[in-house]
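A, B, C, D, E and F label the chains in the order they appear, each numbered from 1.
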Amino acid sequence: MVEFSMTHAWLVPLLPFLAFAVIVFLTRPWKMLSALVSVGAMAAGFVISAYAAYGVFTSHSLIEKSLEYSVRWFSMPGLNIDVGVKLDPTSAMMLFMVTLVASLIQIYSIGYMRGEKGFSTFFAYMSLFGASMLLLVISSNLLEMFVAWEGVGLCSYLLIGFYNHKISAREAAKKAFVTCRIADFGLLLGMLALQIIFGTLNITELGEKIANFELYTNAATLTLVAVLVFLGPIGKSGQFPLHVWLPDAMEGPTPVSALIHAATMVVAGVYLVGRMLFMFLEVPEAQQLVAVTGAFTALFAASIALTQREIKRILAYSTISQLGYMMLALGVGSLTASMFHLWTHAFFKALMFLAAGSVLTALHHKADIWEMGGLIKKMPVTGATFAVGGLAIAGIPPFAGFWSKDEILSLTLSGGHPVLFFMAALTAFLTAFYMWRLIFLAFFGKEKPENHPQESPPVMTVPLLILAFLSLVGGLVGTPWFPFWGEWIRFGEFHHAAPDYTVMILSVILGVIGIGLAYKMYVKDVSAEQRLAERFRPVYTLLYNKYYIDEIYMWFNHTLVDGAAKAMYLFDIYVVDGIFINGIGAITRDTGSALRVFQTGRLQNYALVFFLGVLAVAVILAITGPAPAGLVWGGVR
Amino acid sequence: MDNIFSIAAFYLLGLVILGSAILVVMLKNLVHCVLWLAVTFIAVAGLYMLLDADFLAMVQILVYAGAVCIMMVFAVMLTQRKDMKSSSLFNAQFRSAGLVAFLTAALSAYLAMRTAWTSTVMPVPPRTAEAIATLMLTKYVVPFEVAALLLLVALIGAIILAKEVKADD
Amino acid sequence: MFGQGLLKGLQITLQELFTKKVTVQYPEESLPLAPRFHGEFVLDVEQCIACSLCANACPNKVIEIETAKLDKKRVLTGYMMRLQYCLFCGLCVEACNKGAIRFSQKFEMAKYFRDQIPLILYKGEPPVQEEQGNTGITAGEAEGTEV
Amino acid sequence: MINSLSLSIGITHFLVLSSLLFGIGLFGALAKRNAVMVLICIELMLNAVNINLVAFNKFVTPLAFIGQIWAIFVITVAAAEVGVGLAIIIAIYRNRLSVELDDFDWLKW
Amino acid sequence: MLRTEEITLNMGPQHPSTHGVFHVVLKMDHEVITEARPICGYLHRGIEKLAEARTYTQFIPYTDRLDYLAAMLNNTGYVQAVEKLMEIEVPERAEYIRVICCELSRIASHLIAVGTYSVDIGGITGFMYCLRDRERIMDLFEMVCGSRLTLSYMRIGGVAEDLPDEFIPALCQFLDEMPSRLDEYDGLITGNEIFQARTKHVGLLDPGVAINYGISGPNLRASGVFWDLRKNRPYSVYDRFDFEVPLGKRGDCFDRFTCRIKEMRQSLKIIRQAVEQLPEGPVMAKVPKVLKPPAGDVYHEIEGAKGILGYYVVSDGSNKPYRIHVRRPSFINLGFLNELCKGWKIADVVAILGSLDIVLGEVDC
Amino acid sequence: MVENIFVGFAEWLRSLLAAAGLPALFGDIVLMIVKVAGILAFIAISVLWIVYMERKMAAYFQARIGPNRVGPRGLLQTAADMGKLISKEIIIPRAADKIVFLLMPVLIFVPSLLLFAVVPFGKNMIAVDLNVGVFYFFAVASVSTIIFWAGGWASANKYALIGAMRAVAQMISYEVPMVLAILGVIMIVGSMKMSDIINAQQNVWFIFTQPVAFIIYVIAATAETNRTPFDLLEGESEIIAGPFIEYGGMGFAMWFLAEYANLILVSVLATTLFLGGWLAPFGLTFIPSWVWFLLKIYFMIWVFMWFRWTYPRIRVDQLMNFGWKVLVPLSLANIFVTGIGMFIYRAIGW
């Protein structure tokens, strides 16, 4: 089985894809069957990936040399593209994680989407989403990865806009798609450059060639290429300037948000950078960019999350922030820490989203946390699991988030980036604060009489419990005392760092202070935020409006683009139109009106003239002699 | 092709083909045109038989006489509103059209006669259907599939085109 | 299962193929007629008293009776039925107190010519005791439709 | 030079016949008013072409069957063309209540 | 769908499936009916006017010619109306004989309906079987009254003659054999999938609409309306029998057809009970030779084979009716034909018309 | 030998002519004429007999006894009918297209006659054993559609036109499943030659290996011959004989007889393709092959009659739906299954 799973890992993306096809073409009328097909395919994928992961993690040779096999996709002179599978610890871990989380989310969706229109379609999309992500994870080739990358983008478009009767959902879907397209353009350019420079898109081969990139190009070019490639992850993973689509993507059904944020879409960017880390490590400027972008995004998003009111929006900003952490880890050159945080984050973020979905279902899609309160009594499982997620993200030991975050923090510090470390630490504090603000407001405090929440059915709560358990123990694979994780998922040599107690204690303290502050402000003294907001009105407004990023974009559109367009317009009217177009046009028109008598509009008339022409040519050719005549009646002699 | 029967058959079929084709073009009643068209097609099929293309002859009858004519009939029935007796008239340019058509035919006939064709004496092997089938599914499989696709596209296209647009959309 | 009814139908017709046919080869054999059968009329001239009840009972005025006075007694001189108008409803038979007009079993009444249709049940001299003419002879009786 | 029309039937005979048929079809296609009629005449022209192909098959490449296969493709295309062509005619008829090609002259100026 | 020229098609008056000289002008968009205008009157004979020149008894043979397929029922309706006018008490035995004859007549009529409907749908064999069995009923009638079709058996005050001796055994034999014959029809016609495909969901008649249009008889009951005068307003001795009124569900052609087959079974049940209960006694009440009903009018209706058959008789005291009007169910059932046919195809017009079971003698009167 | 009575006669005739010193070409021509004459005689007699058989069968199915006056047991009834129809006046409606109206009843016989050329009457008893025999059958049969239509159109009657358009739609639609159904047989045999197909059934008739195809074929053939339950174009109770409504006398007789000729033809094809042609079942080879063939086609004809006198008529849209949505997919599935079956069979060992 292990053998089989490793050699047939391509089945993992194929199965959900087949599920998609089956649902679309066959089982769409039968809702439950469609759901079962979808879940079944994903679960089968999970089984295969679990065995494959087991195989990978028990075979030592696979760290340096990944298991690869491929078939030729297409080839033309100078360009041979294969479709292949690259199985190494990183991708095995990702396969395992994605299939696990996606399976749980799909099971949860059966409960969440019950009674919705387009139930089967939803599962078809989910399957396709999973298939695309798994293909992305498993691909050995950048172009193949790009196809999956776009597949993920397409599915996110479809799923964010799933409630396509709502204008906001349609707009959000478009926004997500367009924003990602801008980023993908950069990625595509980067890939093009890689292909031109190195003549291959295979990741392994690229790794070998980039290690000696001086043979092919100079450092400046490679830096540019790296920045271009990094554009893609900026868009997909919602890093700073292009993060705007991610909060809006909350318009989709909650399981979709969970899937996007936890397991599939956004981590694709991190994963891509992780895959291409060898390139970034060659060019320190690009690496620096990654680190700064990550750290800034983390702090930036966390600060916005402080003031938001909608439950899913807060979670969305928290995702952006956590993704920033991952980028930061990559920027300081640690694949291990980044992937570790990705791993733990997947569990607790999926958990929190699903729990949020459970809350939303119970409250009939009332999303404002200020209108909730005391939900823990009515929804103990949801509340408890959410709290587990909160503890995990706040970095309280022994929950999963603590270990991964701690590793990033200590690496940042030991890597010699004190400023970034400060930003990351501050982010950690803010994270604990806003997350527990959310929890205290939603689950504790006074119950709101207008709400009649009810605990969700087991089909929804069981995935929650499983994820809560994973959030609890998921980090134990990578504690400083038991560095199983780092042995396997790493770039370069494995070196076991001693546990850095200073950072550990600091991060725990930050987390506890954050939680405590939140408790004080939102349980003890509920009006504290009001007062703070009054006092720091400009800051609050700035944060509440997300630093006006969307507005800046709009302003940019309105003034800069429109202004330029205006200038162009005037130029067009007077110069291009006036002189060239109309002038030439007038000449053409006059000529045309002289010639238009020949255009009768009658088809047969044209055909007649056409045949006259053919006749004339044929006669000429027939008369002029044997050589051109060969053109007429062929070479048959 | 020195057999007296072949020669007789050729001239007979040629006469039928040309005669019925002329009737197709000249007659004023569209339905009569279609009926004569069927005669032309069947005579052409006879010509194929003469040329040792028996499978093709059957295809010709099945597709042209059996299907194309019927589609023409349908089109006539669906589009004709006025008197059928004068439904197939000439337009204003028929004199020049006749000239052009005559010149085209004359030129190509002249060229055909002028050219010295190198024809083989090898007979066409029997069992043409098998041979064509084998070629279609091996050497010409891609054009074959393309043709199938073309038919599908034409089918769908025809349905879409001929389907009435709902008034409320 | 679809097609069951179709098979059932086939079975029924197949059964019928082998059962005895109901057709009767008419001229050679014929079905028995009921005693009350409304066939051609017969008139018992002996019994007829020329009371005209039958003629009055007829809805369509089919019956035409000619009478003559004989010894202050009305006697029959002609009894004619225009059968082309007759409904064969039997009201005349019911009306007859003497049972003189009756139905016979004869039903082959087709004629070749229109003027042969009126059924002359009695024609001629008033009946006297001595005469035997108690059966109406119709003109077209001989060439009935035995086809 | 020009082969005299001997008693033996050769490829030239078929080519001449198909030229004449093509000419008749062309005349009809150019000179008939009714759109259906034009389609019919196009079919005649295609048939003329097919005669050519089959004749070449017989006299030039009897073993390769290229001519016959070509002819089959021509027939296929013709069938598709008739289908779509008639559908177009019917669609036009629905809008204009006419199939007279002279009425379809709004594609000008 | 292509827009094509609308065709006007004259269906009838000479058409095999208009059940006589009936004329429907169909306006069609290809095969789909947009308008079906019925034109009747080709068989008009002025029977109602003729009645004014006949005595009360003399009108009886004319009622045979209304619905000539169920002459007994027409006779009964008329004589009962006159009896109601003259307040004549009919002897019990006569009432039972009337019930037997009426139900036989109903069966005969339904057999024709079923058989011709089979022909309308295209299966000729069913028609032959139906006629074969109808012939037995004709034989029975011949025994009773000497006629086969135009019976004129009923008289005002009773029936023309008592039943002959050989009648009851023959009737019992018929009653024994008929159910298996009905099963045969079910197997050949009703159970046939093609037949069902042709008739189910075709020509749907909404119960409310049916009531509003005055449609009656099996056509109304097929729409699920419980309205059978034998049950709802029992006349004669119908209250003494135990029978059911078969109802349809959808009100489509198939329901109308199966209603008739089911009614035949019920009629057989009634006849059997009537034969068992048949009392001895006279068959004719004491009525004067010359009938002169008192001046006045009367309306009487019975459950005919095709629906509610009503006679409106006005008397001026003389021996001839002043006016007789007949409520002919076939005519009234035709009233909804246009709406019923709209949107269906030519073949469905035949199916719908056949399922309404009209008799032109009655429609045109 | 009874078996080779016809073949022997042909041989004898040929040798006779050769003995008379006539060239072989002349012998061929005479033999061809004899064959054509024989086939014509067969058609004429068969059609007359089948009309009689139809009436008799109809009667028996309907508890009647049918024609029984003209000739012994009514055997000459059809001849009498023919005499009557021939002697009747041919009425041409004023608005009719006279030439087409008169020509089409004659032309309708042409495809039928052409088809009889490839009928394998018995061992070595096939006039022309074409390479593409079955295909020829369908190709030529498809021509009759337009003749039906033209006859109906020329009558200038709305019922006739409706019937004609129905005829076109129906025959075109049902040709597709019919061809697709027999494709299974052709796949197994690997040849479209009639004699090859029959010889391939030495061991087992194709009705057993291709039952679905047989059912589809029988249904489609019923539709092709316009018999109940698919007799829409005649539609006695709806459109009153459809295209033939204006035809009387001999014109009507020609249509009528052509239908029966077609009935024979589809039965012939059914026999050839599915019932083993002239092969004798159970080794009853002492009965000549042509007798077997006749018995089988008469059995098929009887089956078609049985259908006709049992079933009601289907409606036009149901007909189309049934053809395109049931029969065509079913026949495609049959082809698919046949292909797989052949593959497996070959894989097992052939």
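Annotations for the structure displayed:
Here is the rule we use: contacts are C-beta pairs under 8 Å (C-beta built on N, C-alpha and C of every residue); 3 or more make two chains touch, one makes a residue touch a chain.
What you see is a predicted model; the values in this text were computed from it and never measured.
Steps from subunit A to subunit C, minimised over paths through touching chains, total 3. Using the contact threshold fixed earlier, the set of chains in contact with both subunit C and subunit F is E.
Greatest Cα centroid separation from subunit C: this falls to A. Relative to subunit E, the chain whose mean Cα position lies farthest away is A.
Centroids built from CA atoms put subunit D at 6 Å from subunit B. A separation of 28 Å divides the Cα centre of subunit B from that of subunit F. Centre-to-centre separation of subunit D and subunit F, using mean CA positions: 33 Å. Subunit B and subunit C have centres, each the mean of its CA atoms, that are 72 Å apart. Contacts with at least two other chains are made by residues 6, 9, 12-13, 16, 22 of subunit C.
Annotation for subunit B: residues touching 2 or more other chains are 34, 55, 59, 67, 74, 78, 81, 91, 93, 97, 100-101, 104, 112, 116-118, 128, 162, 164. Counting partner chains per residue, subunit F has residues 61-64, 309-311 touching two or more of them. Considering their complex, residues 91, 93, 96-97, 100-101, 103-104, 107, 111-112, 115-118 of subunit B touch subunit A.
Chain contact summary for the complex, subunit E toward subunit F: residues 7, 9, 15-17, 31, 118-126, 128-129, 132, 188-189, 192, 194-195, 197-198, 345-350.
Within the complex, the subunit F residues that touch subunit E are 58, 61-64, 158-159, 162, 228-229, 231-232, 235-240, 309-318. Touching subunit B in their complex are the following residues of subunit F: 97, 100, 130-132, 135-136, 138-140, 142-143, 145-146, 149-150, 153, 165, 168, 172, 175, 191-192.
Taken in their complex, subunit B has these residues touching subunit D: 1-2, 6-7, 10, 14, 17-18, 21-22, 24-25, 30, 33-34, 37, 40-41, 44, 47-48, 51-53, 55-56, 59-60, 63-64, 67-68, 71-72, 74-76, 78-81, 87-94, 97-98, 100-102, 104-106, 108-109, 112-114, 116-120, 122-125, 128, 131-132, 135-136, 140, 143, 147, 150-151, 153-155, 157-162, 164.
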